[in-house]
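I've put the structures underneath this note.
First chain A sits with chain B, and in the next complex the same chain sits with chain C.
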Partner chain A sequence: MKEPHILSAFDRDLEAVQAHVLRMGGLVEQALLDAAEALETRDEALAQKVQAGDKAIDALEEQINEECARLLALRAPAAGDLRTVLSVMRIAAALERSGDYAKNLAKRSLVLSNMSPLGGTSSSILRMARTVVLRLKEALDAYIAHDVAVAQDVRLRDKEVDQMYNSLFRELLTHMMEDPRNIGAAMHLHFIAKNIERVGDHATSIAEQVIYLSTGDMPADERPKAELISGTDTAAGR
Partner chain B sequence: MKEPHILSAFDRDLEAVQAHVLRMGGLVEQALLDAAEALETRDEALAQKVQAGDKAIDALEEQINEECARLLALRAPAAGDLRTVLSVMRIAAALERSGDYAKNLAKRSLVLSNMSPLGGTSSSILRMARTVVLRLKEALDAYIAHDVAVAQDVRLRDKEVDQMYNSLFRELLTHMMEDPRNIGAAMHLHFIAKNIERVGDHATSIAEQVIYLSTGDMPADERPKAELISGTDTAAGR
Partner chain C sequence: MDDMRLVERTVEQLQSKIEAKGVQVYYGEKHALKDVDVAILDRTVTAFIGPSGCGKSTFLRCLNRMNDTVASARVMGSIRIDGEDIYDARVDPVQLRAKVGMVFQKPNPFPKSIYENVAYGPKIHGLAANKAELDSIVEASLRKAALWNEVKDRLDATGTGLSGGQQQRLCIARAIATSPEVLLMDEPCSALDPIATAQVEELIDELRSQFSVVIVTHSMQQAARVSQKTAFFHLGSLVEYGETGQIFTNPKDPRTEAYITGRIG
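Right, the complex of A and B next:
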């Protein structure tokens, strides 16, 4: 058993790290929105800003990992607190990968800005990005508030993002079937949609950390996924 | 400064964790080879075995993270050793994601086994998987042997995998242009190729951890990437 002053020191340190996690979350959310906006409006400057901004997100993850390691080393926390610190590192890793997807979206938007647009697909992607960013916000809020109910809700609603992905995929398939010259652009848009769906999976994994922290177990049941379209896709890349 | 007996206790603990990392690496390598084999030979039983096996890989990562956290908590290691433990966790995370890609490859191979094959694309994917598994092995060996030269080599040779991906992508594009009925299968094969390329990136990130541990810095220069095909792809998803 740890003495009270050790516990409170741990909590103080933890709060400092969590502040950095929230800052990281804010940067990732903005990067995703900006990248999707850059795609929709063909704003190359905004896309380049997103690409340049990823370094700051990566640096924050590095810093959070070092802080967690020091926290463990200095405070020697017991099982429950160990779990908390591990969760912080997992959440930072999920945010870092989400930032990578935003950066990749920005890169692809620069290539796509030189190709003819495929109907309303880029608006669909912007809507999808906004939905995913909302899930990410909710997951981080649930983490800070230890709100298992909100976390459960984030987990269940990932299905909506999967459905947006599936309908966008059908749209892209039609464009490709119609005219092979659309294939190049459609492939990029498909990767973008897939990566946004993966960010949704990361939001879910953050929500699952909240559940894990409160219950000590990861949700046993497989997370509900939208019905997969015959032969188009089989899982969110995982 | 730590006393000798603490240091050796740390090293003993670290060796135990590293043994689990190597076991995890072995499972991931086999899963990738089996999944690519299942795709090439349309072996549904083998594909199902790979899917079922992913749970064991995830459990090992979980265990490694807990062990690392306890190690930090019990041994309160100094800066250099902290870095080592963080690297172990990062390597385990890279292996876990690589395992996810093997699982996804297996899932897609089950869908593809009901579609007509596209030329020699599945053999190209098997070759690509074997190359990536070799890189993964080399990266883990370099980690255990603290061999920066091998790590640098792994990092530089990721370019080969990128080139294999690019030529496979061209092949898939041709099949899609030729006959729109090939698009469904081609999309799956493209995701598979992309995911194998991502495993190559994880092998590189493991190699970079080896360099980081020996030099204290991540390699500053951007890792060399194969030339990107005009408008087909802009980065290895990151």
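Right, the complex of A and C next:
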């Protein structure tokens, strides 16, 4: 770890904003898991809890932005300190968006609980959500440890989530072709899958912030992405 | 892409004005400056930063041979301005100092009129053939130093009667009156209030179009604000020298990082 600042209040400020980010990360991870669980088990109470909990995530982001603005104005951070503040703000933004996706998942799960299930799609979604939450957790752990190797790994493994999304996409397409009455539910499930895939992208962007924080540069190489499904490019476009 | 780069970063294309190689300075037994190699660019503001006693002022003073006036000082290595070795025996230090002007920490106007303060250098170096020419040098220098409008009606008033910020700008006018090519500034704003500091910083940025400016400062924010290149000195060595934005966002040496982020180095 780095040496402490001569002015110890500076260290306390930096530690405080980073602690907020971790708390935010914890809330977002739980919200995603709960929302996917609520979908799978048709637990309306749990879904409502996730919806209500998004306020706390948004409030934390606002607090982080406020404190970062103060830090920039009052402490004029440079070099690694500056990158810490900038990465904190970007990570908080990524987490806030991920929290919104969890809330949206919960909202859709309430609608879906009144519809008949489409095969095993909701458990596929739960599996996908667990994988994404794991990536998110790894990215945040890499952030705390300034671990570039783990961050690189998170970046490269986003492809797995893309592949899960693609196979869900195919499965939903099949359900819709089988019976048009499935379209309503399938559309909701597709939006859910797409949103979880987006959370995966946010986990990747957090991993990229870890690399920026530690090295001073954003990764220059293109990360690997799963192929789009043929003939449905516009639908699955990204 | 190249034209989209910030102006501040285009300095890399400028030619070097001062080239120092293997510069060593001893004050008696004390090894104050160790093997400094640096190329200072023309029409660029270069900031020297580092803790007290790191050698930054010592190096600055080598650039116009101010260390000659310190009996115990020995300077070794080579310093070339426009390819000419300034420590060559044939170089007259007085002529050199007309070419390499200096502004000090505390404003030190002569106890004479504002006019005389600025006219002194051009007079002793014979830069003006008559009073009219001298008048125009004085006016031009005071204008460049952004002081003309404040003092044009009282050029006969004593320089020491001005405010601190005005005195410092008078000293800058005095330094640029001899048309130097390099301007050395040793903490020029440390005795000034924030408004006067901002005025001097604005002036430094304007002077950059004509001179190579080297500024020693204890304020890292000032170095970040006014310079395009920054050199970090520590314990008599030049630790890192690079583009100012790079030094302040992504320094390569951990000692530079420790210093500019306010950690124990």
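As a convention for this text, the second predicted complex is superposed on the first by the 220 of 238 C-alpha atoms of A that agree within 3 Å, B and C clash if a C-alpha of one lies under 4 Å from a C-alpha of the other, contacts with A are read in each partner's own complex, and residues count from 1 in each chain.
Following the convention adopted for this analysis, a residue touches a chain if its C-beta (ideal position, glycine included) is under 8 Å from a C-beta of that chain, and two chains touch if they have at least 3 such contacts.
Bear in mind that the values here come from a model prediction, so they are computed numbers and not experimental data.
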Ask   = Looking at the overlay, does A:Ala93 come into contact with chain B only (first), chain C only (second), both, or neither?
value = first
Larger contact residue set on chain A - chain B or chain C = B
Query = Once the shared chain is lined up, is A:Gly80 touching chain B (first), chain C (second), both, or neither of them?
reply = second
Key: First, second, both or neither for A:Gly216, with chain B first and chain C second   = second
Query = So, A:Ala52: does it touch chain B (first), chain C (second), both, or neither?
reply = neither
Query = So, does A:Leu156 touch the first partner chain B, the second partner chain C, both, or neither?
reply = neither
Query = Is A:Phe10 contacted by the first partner chain B, the second partner chain C, both or neither?
reply = second
Task = Would you check which partner chain A:Val111 touches, where first means chain B only, second means chain C only, and both and neither mean what they say?
result = first
Query = With the two structures laid over each other on chain A, which partner does A:Ala19 touch: chain B (first), chain C (second), both, or neither?
reply = neither
Key: Common ground on chain A, meaning residues reached by chain C in one complex and by chain B in the other   = 76-77, 82
Key: Of all residues in chain B, those that touch chain A in their complex   = 65-66, 69-70, 72-77, 82, 85-86, 89, 93, 97, 100-101, 103-104, 107-108, 110-111, 114-115, 173, 176-177, 180, 183-185, 187-188, 190-191, 194-195, 231-235, 237-238
Ask   = In their complex, what parts of chain C are in touch with chain A?
value = 220-221, 224, 248-251, 256-258, 260-264
Ask   = In their shared complex, at which residues does chain A touch chain C?
value = 2-7, 10, 76-83, 216-217
